[in-house]
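Two complexes come next, and they have one chain in common, chain A, joined by chain B in the first and chain C in the second.
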Partner chain A sequence: MFSILRDLLRFNVEFLIGFLLTGTIFLFAAAHFFAPYPDTAIYLLPPDMPPSAEFWLGTTSRGQDVFWQISGAIWNTMTFGLTVMILSRIVALAVGMVSGYLGGKADEVLMTINDTLIALPNIPILLLVYFVMRDQMTWPLLALTAALLGWNYDARLIRSVTLSLRNREFTRHAVFAGMSVPQVLIRQHLPYVMPVVFFTAMNNLIWAIGLEVTLSVLGFSDVNRPTVGGMIYWANQHQAAVSGIWWWLVFPIVAVVLLFLGLFLLAISINEYIDPRSRLSRMGG
Partner chain B sequence: MDGFAKYLARRFLQFILVIFLGVSLAFLITHLSPVDPVEQSVSLMTNFGATDPRSVALLREALSELYGLQGSFFEQYLAFWGRVLHGDFGPSLSSFPTPVMSLIMGALPWTVGLLTLSVLISWCLGNLLGALAGYFRSNLLLKLSGAAVMALHPVPAYIVGLLLLLTFGFVWPVLPISGGAQMNLQPGFSLAFVGSVIVHGLLPALTLVLVGIGSWFISMRSLVSNIVTDDHVVYAELGGVSSGTIFSQYVARNALLPQLTGLALSLGNVFGGAVITEFLFNYPGVGRLLIQGIYSGDYSLVLGVTTMSIVAVAVAVFVIDLLYPLIDPRVRLG
Partner chain C sequence: MHATLKPEASTSSADPVLRVDNLKAYYQMNYFGVSREVRAVDDITLTIRRNEIYGIAGESSSGKSSLIKTIAGAIRPPLRVVSGSVRFDFDGRTLDVYNDPEAMKAARWRHLSYVMQGSMNVLNPVRRVKHAFHDFAFRHMGLSPSAFRARVEAHLERIGLDPQVLESYPHQLSGGMRQRLAIGLATVCEPEFIIADEPTTALDVLVQQDVLALIKDVQMRLGSSIIFVTHDMTVHAAIADRIGIIYAGRLVEEGPSQAMFEQPQHPYTAHLIASLPRIGDTTRRVSLPGKPPNLADPPSGCRFHPRCPLAIAKCETESPPLVPRGEGRVACWRAGEVAAA
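Up next is the complex of A and B:
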């Protein structure tokens, strides 16, 4: 594991940049545990202060410190993204592996449902769920809904890997040795599927974070809990762009764009590492 | 022809299934939720001042009829299908008494126009750039443009749109940032109106193109760089076929097939991006209608727009599926 990491850092510039970016942002987000102010308190500081030595990134019209708000916001947004990622990986793995291994009718049924779900537009459905739940909508519930919508592409990918493993020698050995279907899937096939899962996990994390930003920008989440989208929502509510409080809008946007860039670089470099063809071409020059 | 008919039948079945499941899902979400939409609307209306209890009871009854909440669960489900098939979602509460359906029909052309244009541009441009970048791997200009579109790709549509809005609306105010056309112009085929529609559509369309182009670029580049090493391409090179012909006929054409499938699969996501972009730029399409409906607590409108957008995306996917045989002779000839 560590030697893979070392190789990636040495040979892959994209991975290095992505690793540094994501790592820095993660440390910045973790710093919110040492924040001098509670992150949900408002009108605590003088409002609308431009960036200065005292308030590094200025203060908002709601009397909050932008620096510590972003720090807490990124932490919350990342927590949401990771929750969605883990939940949806479980569904994708279960559906993909079962479908690919069993084949036949079960495969057909599962993949038909899968393709049907892919064709449904996510955002309107999520908005509908928010609309009927309203004030009872909490972030874990939103994460669960997003996870239930976000597994289908990857289930197909995982299925195609399992499909190719099904006819391999070692699968037959395992079956003849008396292993049950769950045993074959977990003990024999899972190690082969993990690289793909890892890659889809990165993409899913990016998607989930994007979803969270989008929904909370519109105010469709708990707006009092600091999130990156929530900050932009409040900045829009206070007309920050018109009244010239640019630091309230620009710094969250910069932070979230850097986060996306870092995660994306990690995702593509991991994908490249998993694909032996492109790995060879890189090492060969 | 047999294979073609089979292909069509399978696609049509999938289309019906998507609509069936999508509409059922919309029904289940709204009818299984613990929050009663009637009570919600009643509390919205009786928020300001006291209301006679008898009229509240009447209101409650009228609303539950309007929302299709009378009878058993199964009866409600059948009635909901009746409404969808007739395209009748009742009147909108926030712009009473205009029917929800005519609001949707008024907004639909804007969304369809914006989406068709931006999807077409981003798909063509992304594929062209991606194919070139996969074929001419060492070209510096292609590498740079690739890096630019790939960096924008993971950022959500709202953030890209907001950046464009701040740039062209505040820093360098040259483009209109709100609405679908100038307010004082008479809608019609006059030069001024059409010009205004185009100018107003520039920023929303640019947002969607910038967000969409990256994924096409990435997948096309990797498809092409895999096909380039295929035997038939190597053979053509050895046979002295010009590199232009190899690129367009041997490589790009083959790589386009999965990209068209990808287009059909991604439409649902693209629509989601359009919803957000329309709201950001106050563009008069269905996305803005949906979000306004949520803000004003308009149950019929939100349910109507969601259901209709599921149906509309399914139709668009089906249309792309119908186009597929045109570029893949294997499906056409079976």
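Up next is the complex of A and C:
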């Protein structure tokens, strides 16, 4: 594991940049645990102060320090993204592998649900959930909803891999030797499917963060909890762009763009590493 | 039909380990109201004795693999057993493959192992070889992990592999090594019965000889019975004690291999053997006219009659029963006249 990481850092520039970007942003986000002010408190500081030695990234119209707000916001947004990613990976793996391996009726039922979810548009469903839940809407509930919408493409992908594994000799042998369905899936097929899961996980993380930002910018989340989208939402509420409080908008956007860029570079370089053909074409220069 | 003629059940075997009686297994498909039935295994009766190597020969799509899968109990729809039975006799216990799934499950790999077609690929490409041994054999041996490991290593050394291969991934091994491993996997539990489907087909002749010697050696040491399938008659000549010839889902001839090669009773067998090259013999090898019959719509009467040089009117209408003749059994109306042809 560590030797893979070392090789990637040494030989893959994209990975190096992505790793540094994501790592820096992670450390910056982790710093919010040492923030001098509670991140939900408002009107603690003089409002609308431009970036200065005292307030590095300025203060908001609500009297908050932009630097520490972004720190907490990135942490919360990443927590949301990772929660969605893990939950939806579990669903995608379970549905994809069971559906591909069992085939027949189980496959039909699961894939009908899957295709129905693919056909449904995500944002309106999330808005509907938000309007139904209203005050009970918390971020774990939103993450759960997003996870339930975010697994279907990858379940199909995993299903297609399992479908081809089902007819391989080693599967037939394993079944003949008396391995049960869960044993075949977990011990024979899972190691095969894992690289696919890793790659889709990165994409899913990026998608989930984007979704969270979108919903928060529109105000469809718990707006008192700092998130990247939530900051932009409040900046819009206070018409920061019109009144010249640019630092309230620009810095969170820059932070989330850098996070996206870092994750994207990690995703493509890991994908290239996992897929031996692209590794070879890279060698060919 | 010929069922009333009651085919002879066995050729005087005192100690049968496998009895297949009137086994019929068809591929039954039904799509959009159109049903299709492919009679891949059609009324086959055979017995295999303890300590015997039984070879099944036949051309492609004659139902060899379907027969062997049905015997192993490793069939999946659309292949279904229509009638008949497959019974093993392990440690004096009779085990009906299609009536006793639980006992069958317990017997697999421990008493009955299977080297599948394309067995070079039985190893999962993303897992080390040792995991394959663990997954397939560990539960059946009842040993502690360290004793199991020692047993596997000793077994590998006996079949000419360095125990180091346990730590490798399959792609790091050569085809011959993988084939040896497949046989090693199938024999590590010292089963009484081994089913092998084309165990040497993808190998070049040198490795093939090596693997055949290995199979023979393992069989001699364990005293187990082997049933194996290949279309390659030279392989049968090399290791089989008895041979069964399958044509279009039916057993057309069966007998000791020596006798069969010396004097085939069925015209199809005669052609199979005549097609083998011999050093010094420069006569042109003629191939049989026509092609293997479509099993969804087999010819009437004897299924070989459209291609048979000896066919008479009776062959077109009546299917010949499998009757004892000499040391074996043959299903042909003109069995006595083959050698003369």
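In this text, the second predicted complex is superposed on the first by the 285 of 285 C-alpha atoms of A that agree within 3 Å, B and C clash if a C-alpha of one lies under 4 Å from a C-alpha of the other, contacts with A are read in each partner's own complex, and residues count from 1 in each chain.
In the analysis below, a contact is a pair of C-beta atoms (placed from the backbone, for glycine too) under 8 Å apart; a residue touches a chain by one contact, two chains touch by 3 or more.
Every value quoted in this text rests on a predicted model; they were computed, and no experiment measured them.
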Applying the touch criterion given at the start, work out whether A:R168 contacts chain B, chain C, both or neither, answering first, second, both or neither.
second
Of the two partner chains, chain B (first) and chain C (second), which one does A:F260 touch, if any: first, second, both, or neither?
first
Is A:R187 in contact with chain B, with chain C, with both, or with neither (first, second, both, neither)?
second
Just chain B (first), just chain C (second), both, or neither: which does A:A177 touch?
second
Is chain A touched at more residues by chain B or by chain C?
B
Going through chain A, the residues touched by chain B and also by chain C turn out to be none
Which residues, counting only chain B, touch chain A once they are in their complex?
14, 17-18, 21-22, 25-26, 29-30, 33-35, 37, 40, 150-151, 153-159, 162-163, 166, 169-170, 218, 222, 226, 264-265, 267-269, 271-273, 275-276, 279, 290-291, 293-294, 299, 302-303, 305-306, 309-310, 313-314, 317
In the complex, go through chain A and note every residue touching chain C.
168-170, 172-179, 183, 187-188, 191-192
Chain A touches which residues of chain C in the complex?
72, 74, 105-106, 108-109, 114, 116-119, 121-127, 131-132, 135-137, 139-140, 185
The residues of chain A that touch chain B in their complex are 112-113, 115-125, 127-134, 136, 153, 206, 210-211, 213-214, 217-218, 220, 229, 232, 241, 249, 253, 256-257, 260-261, 263-264, 268, 277-278
